[in-house]
Each structure stands twice: as structure tokens, then as C-alpha cells.
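Every chain is named by a letter (A, B and C) in the order it is written, and numbering of its residues begins at 1.
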Amino acid sequence: MHRAAYLAFDRFPSAKGSAVHIRHMAAELFDRYGGGLLCVLGGGELPAYQREGAVEIVRFTDVVPNLLDRAGAFSRWAADRLAPHRDTLEICHVRDPWGALPALSTGARLVYEANGLPSIELPYHWPLAAPSTLAKIRELEEHCLQEADAVVVPSRVILKAVADRGAEPDRVHLVPNGADPVPADVPRPPTAPGRYVIYVGALQPWQGVDVLLRAFARLADLTDLTLVVCSSVSPARARPLRRLAERLGVRIRWEHQLPHADVAAWLAHAELSVAPLTAGPRNLDQGCSPIKVWESMAAGTAVVASDLPVIREVLGDHGRLVPPDRPAELARAIRVLLEYPDACRDLGERARRHVEDGFTWKHARARLAGVYDRVEAH
Amino acid sequence: MFWRKQKAAIAGFHPLHQALILERGFAATHPAAEWAALAASLHRHTGLIRRSKWALPPRTMDVILPLLTEICEDLGPKGVLAVTADLRGIHVPAKSHPARSIPVRPPARSATETWSIDPWLRLHAGLRDGSGLDVLIVDRQRLRRVTKRGSSGKTKVKRKTQITQLIKVRRRLPRGVAGVRPQTAPPAWIGVTLRDGERRSVLAAAKLLRLPQSGDEQLDRILTVATETFRWTR
Amino acid sequence: MTPCAVTTGFFTLGKCGQMAVAGCPACGRAVCADHLADGGLCPECAAARNRFGHPSAAAAARRRVYRQRQAQYYGDTVYYSSFDDYDRAAFEPGAAADQDYLDDGDDALVDS
């Protein structure tokens, strides 16, 4: 019988930033409540059931092709997993409406961690989704956010989006993402090219990787420079971008689905790390707290990133901001920084200290613990 | 004489209505017609009684009354409904257990925990289909008082309360009727057990981690738990 | 004798069964003297027209509201069953923005 449950309509573990996030947040929850139940998506080689000490991990493995049906099936499945713990369950921590619905039906307290909003993100992948359908999804989000005892958001931008959906302001708490400090002497990855600029993350359209590729095409004269893309998704899913890189003749190295522990070394030895997010509604209205930027900072590597409110919140003046969606300007910023390695190193150092002083996962967990304190006291 | 008119009005009310006003509760067993008489009497209350001391206790009109009305619909001509209602609230001293101390970690210096148990409604009805329906509702409050010494050396006392509600319903099945698991599962917040034996019964229980916020919600919760037991027969 | 066809009871639903004296002008169901609500309607039809003079019409209305809310309790975890086929069609595998995204199933709805 568990006192706490964490539900996520995400595969866990995986190479994605969401998995890092889930690991840290769930750890705080389960440390506090002496274990708990983790309900996530399975697939691949992942076992459907796993027990690690006092934590039970159960994975949803049904094959349901339609995404809405799959989400619904996940909710029903999760409700059944929670049912035996109904009498002891004190708190549920969720990341999306599909986890929030079954959690709400238990009567336990609900902490809703809103890293993204499906009503904003879904249309990127599912362009045929009608406005009326998205309105229903938004209604669902509103229902869950309003019912939650606490809403945790990683950035001020999403804080506003959540408030627009009716979450009570005094129940919304800012818990920025973080990164673990990277030891200064982390060894260079054996296969790393000489001098390289790095991109780490997923490849959805809003990440702006195409902008980065176009910018890199303009740096063809820097013959000793390679672009390394550490993609959290498989080669097959990178196909359109790989084709684009080929067409542009970019000197590029693809590293797919590296174990998270290896990424830090790649980041630490890069000249620069780039976060070329686009200025679409996903980044402007919904926001995010890009883990790649936090991790680059923690690795002491200077960051060049799109000038968006969500990025400013993370990077402050410890990095270089460029207008989004402008390959020429991005190329220029990269070229200039590379010409002043001292300034570049200094920028990276300051970013590292900024993270170490207040934005490690330890800090994030302490902020989350504060939220749990308030929920319990309520 | 003060309040003469209102006192006279109370004297004309149904005896259980009077008990609600003066004792904030009652225990009685009646057929549907008598409960209908109580309902009629209660509906006259607001028009006649102004004095706040004689106001009806909370939950009377928005929970108890509609609940009894619905259950009476199922009594049948010979059935009776027994009700014990205690609407004095959870803060009556008799409902609290003695405080006991619980272990603490610094900076807390000491802490006590007090449990209060308020079984505010209990009823039994013999229904026209031969079922026996029992409903029990209990509010439970945990109060923790923590004494802390602040950095300035000042002693502070913090209070934390947590109220939960237990709704338990038992339906004893009519003779010869078997229980069957329904097609769709009950809502996750209701636990159901099917008990076999000489006379089978269906038990449905819900533990609410927060009290319903309105009379409507409270009534909904009770009726939903009770109705659940009727989904477990064909 | 024609029995009254009005449904009574909250938990044990059953027909009233007393001798009917009229037919409801709206739905045609047989109604006994006890269940004749305003305008000679049956309680359900009277409730649907917001005529609550007869206690059983008020009860019918209350029950309808209750049943709707209760459906929500049971439907909570399948709240989105309010998604119809039109909504669902946009989320069939073939409707994704990028077919190349399908091979390892991007289940996540949001990205951190």
C-alpha cells in the first residue's frame, strides 16, 4: 500500500529531457513518502513491472495506435493501478491531464506539474486536430488545473498560461528545472571531433534545429569546426533533418539517444552549445525550461540561444541571446564568440556558478519539497 | 415574554423537527409517511423561525432532508427507515479522544495529536425489493499541535488539522439474489466488496480526503456510494 | 386495468403499477391519479418543462441532475470519451505531421 503516486504519460526512462525531470521530481516525492507507485509508459525493452526498494514502477504497454485512444486507455489503466492504494494514498503527482484524471478520482491531493500544455503542443505533431478538438483538450486541462491542490511550473511564461486556464494564483508555484554540476575534469568523449559546436535535445519543429543547420551552412569556411547533434530521438525520426543537413552540406556528427550520463562530457568539451528555439506559440505562450540550456550551463559551456522570454529566464545574462528564426544572425553570433575564446570561457564559467549557486536539481527538489509542505499543511 | 410567537411555532413542529432545533439531532424509526410529515414541517421552518439559536443545524436541509426523501421512495408500503442523526458538529468535546504526544525532530520541541471522530449520520432502511440498506457517515479530524522554538528563542505553537470523511454503505441482498460484478468498474474512490454467506451483502466504502464543499456535493457523494451497491446485482 | 408507467424509487427502480387514469399528452405513458403532475403531464415531462408543482416532478428533476453528475463520477477517468470520431480522426497514426516520427512512437504529449 503506497502513500504517494507519480503518473506520467511519458516513456520512462528514456533519452528525453522529460525523463531527467521525472527522475528528480519522483525521487523527491518517493523519498518523502517512503516509496510509492510510478505509473509511466513502457515499450521497447522496458519491463511492465519493476520494483526498486519501496518504489514500484508499472508501465502501460498496450498498443493503441490512435493517440487520443491511447491517452484514454492510459488513464483507465492508471485508475486501476491506483485503486488498490485508495485508502492509503495521500498525494498524486502528475504531468498531464491523462494522469490527472485518474489521480483526481482517488480523492488524494493532487500536484500537477505543468511542463507543457497538450492544447498548445499537440497541433505541432497533429496538424489535422480541429480547433474544436483543441478546445475540448483545453477544457480538460482547465478542469485538471483547477482541481489541483498545487500546480508546479518551470517558467514564468507557462505560469501565465496556467493562470489563464483558471489555476488559482496562490496554488501555482515556480520550480525551474536544473542540472547537476559537471566535474571540471570530465574526460573528453573518445569519439569527439576536434572543435565542435553542440546541440542537445529532441528534434520537434519548435526546437529550431533547421535554423541551426542553415546557420551552420554559413560557417562552411571554418573547416575545423563540426556540428554535433545529440538527438534524444532515433535516427529514423531525424530523417528529415538529416536530409536537410546533407542538402546544405553541413559538417555534422549525429549522436542518437546517448545515455544521459554521457551527454555531460559532450557538452563540457564543446566550444559552444546552441539552443535555437523558434518563436512559435509553443515557446512564446506555453514556455518551457529547456534542460539542454541548464545542462550546458552546468557543464561550463557558453550558450547561444534564441532571445525568448523563456530563455532569458534561464540564461539571464550568462549567455548570448540572438533573435529567433534568423540563421544569419545565429551564424554571426557563433562566429564572433568563437573568435574570443577567453570571453567564451568566462561566459561558461559564470553560467556554471549561476547553476551551482541556485539551480541544481538539489535546489529544484528543495523547491518542490516546499510545495509538498504547503499542500500537506492545507 | 420574548420569542413567544416563535416558541409557539416550534411547539407546532414535528417532534423530530423540534429535536433538531433543541438537541441538534434525533434517533427515530418511521414509515415513509411519517418522514414526509417531518419534511413538510421542516419546510415551514425558515418562514417562522428567525432566532439564530433556533436555526436548523447545518446539513439538515441540503443533505439529510433530500437523502431521506430519496430513500423513502424505495421503502414500499410496509418498509421503515431508521435514522440516527447527530448534527452537533465535530467540535463537541465528547467526540475528541485525549491528546497524545508524538515524536518530533528539532527544531520542534514537542507535538501532540488529537483525533476527533464524528459519526453524524447512521441509517437503516428495509427496501421494497427486499434489500436492507445501511449507511454510515463519519468525519474524522486529526489535529496536530507542534511547539517550536524559533531562532529568536521564542516559542511558537503551530496547529495543523486534517479532516477526512468515511462513507460506508452496506446493502444486504434480498433472499436468493446473487451479487455480480458490474460491467464498468466503480469510480476509483469507491471500494466495493461482495460478501458471501447466508445472506449476501455488498459493501461500498469511500474515504474522502477532503470534506465535500457543498450540500449538493455531500449528497451526491452519499448517493453515489449507496447507488454503487445496486449495480452489483443483475 | 392499465398500470401506471411512471418510474418510482431511487435505488430500486420500478413502475408505479397503480391503475392509470390518463395518458401523458406529451409522451403517451399511462399515469395514475397520484402521479398526474401539472397540466396532466407525467412527472418526467412536467420536469422537462420546468413545472415542479407536483412533488414527483421535483423529484424527477432532481434525479435527472443527480444522474448526470453521477455519470461524471463514473466517467471521470474517461472524461474525454466526449471526444467523438471527428476529434479522434486527427490523431490516427497516418495523421501525424511527420511520418518519420512514427517508428518509435512519440507518446509524450509534452517535452521538457
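Observations, loosely collected:
What we mean here is this: a residue touches a chain if its C-beta (ideal position, glycine included) is under 8 Å from a C-beta of that chain, and two chains touch if they have at least 3 such contacts.
By chain, UniProt protein names: A = Glycosyltransferase involved in cell wall biosynthesis.
The structure displayed is predicted, hence computed values, not measured ones.
Centroid analysis (C-alpha atoms only) places B farthest from chain A. Chains A-C form the pair joined by the most contacting C-beta pairs.
Annotation: 28 Å between the Cα-based centres of chain B and chain C. Note: centroid distance chain A to chain C, computed from Cα atoms, is 42 Å. The mean-CA centres of chain A and chain B are about 46 angstrom from one another, to the nearest whole unit. Taken residue by residue, chain C touches two or more other chains at 73, 76-77, whereas all remaining positions touch fewer. Looking at chain B, one finds that residues 187-189 touch two or more other chains. Of all residues in chain A, those touching 2 or more other chains are 79, 102, 105, listed in ascending order. On the side of chain B, the complex with chain A involves touching residues 160, 185, 187-189, 191, 206-210.
Those residues of chain A that touch chain B in the shared complex are 79-80, 82-83, 86-87, 90, 102, 105-109, 376-377. Residues 73, 76-83, 86-93, 95-98, 100-101, 103-112 of chain C are the ones touching chain A in the complex.
On the side of chain C, the complex with chain B involves touching residues 8-12, 14, 59, 62-63, 66, 69-70, 73-74, 76-77. Considering their complex, residues 9-11, 16-18, 20-21, 41, 43-44, 65-72, 75-76, 78-79, 95-96, 98, 101-102, 104-105, 115-118, 121-122, 124-130, 132-133, 136-137, 140, 143, 154, 177, 202, 204-205, 233-234, 236-240, 288-291 of chain A touch chain C.
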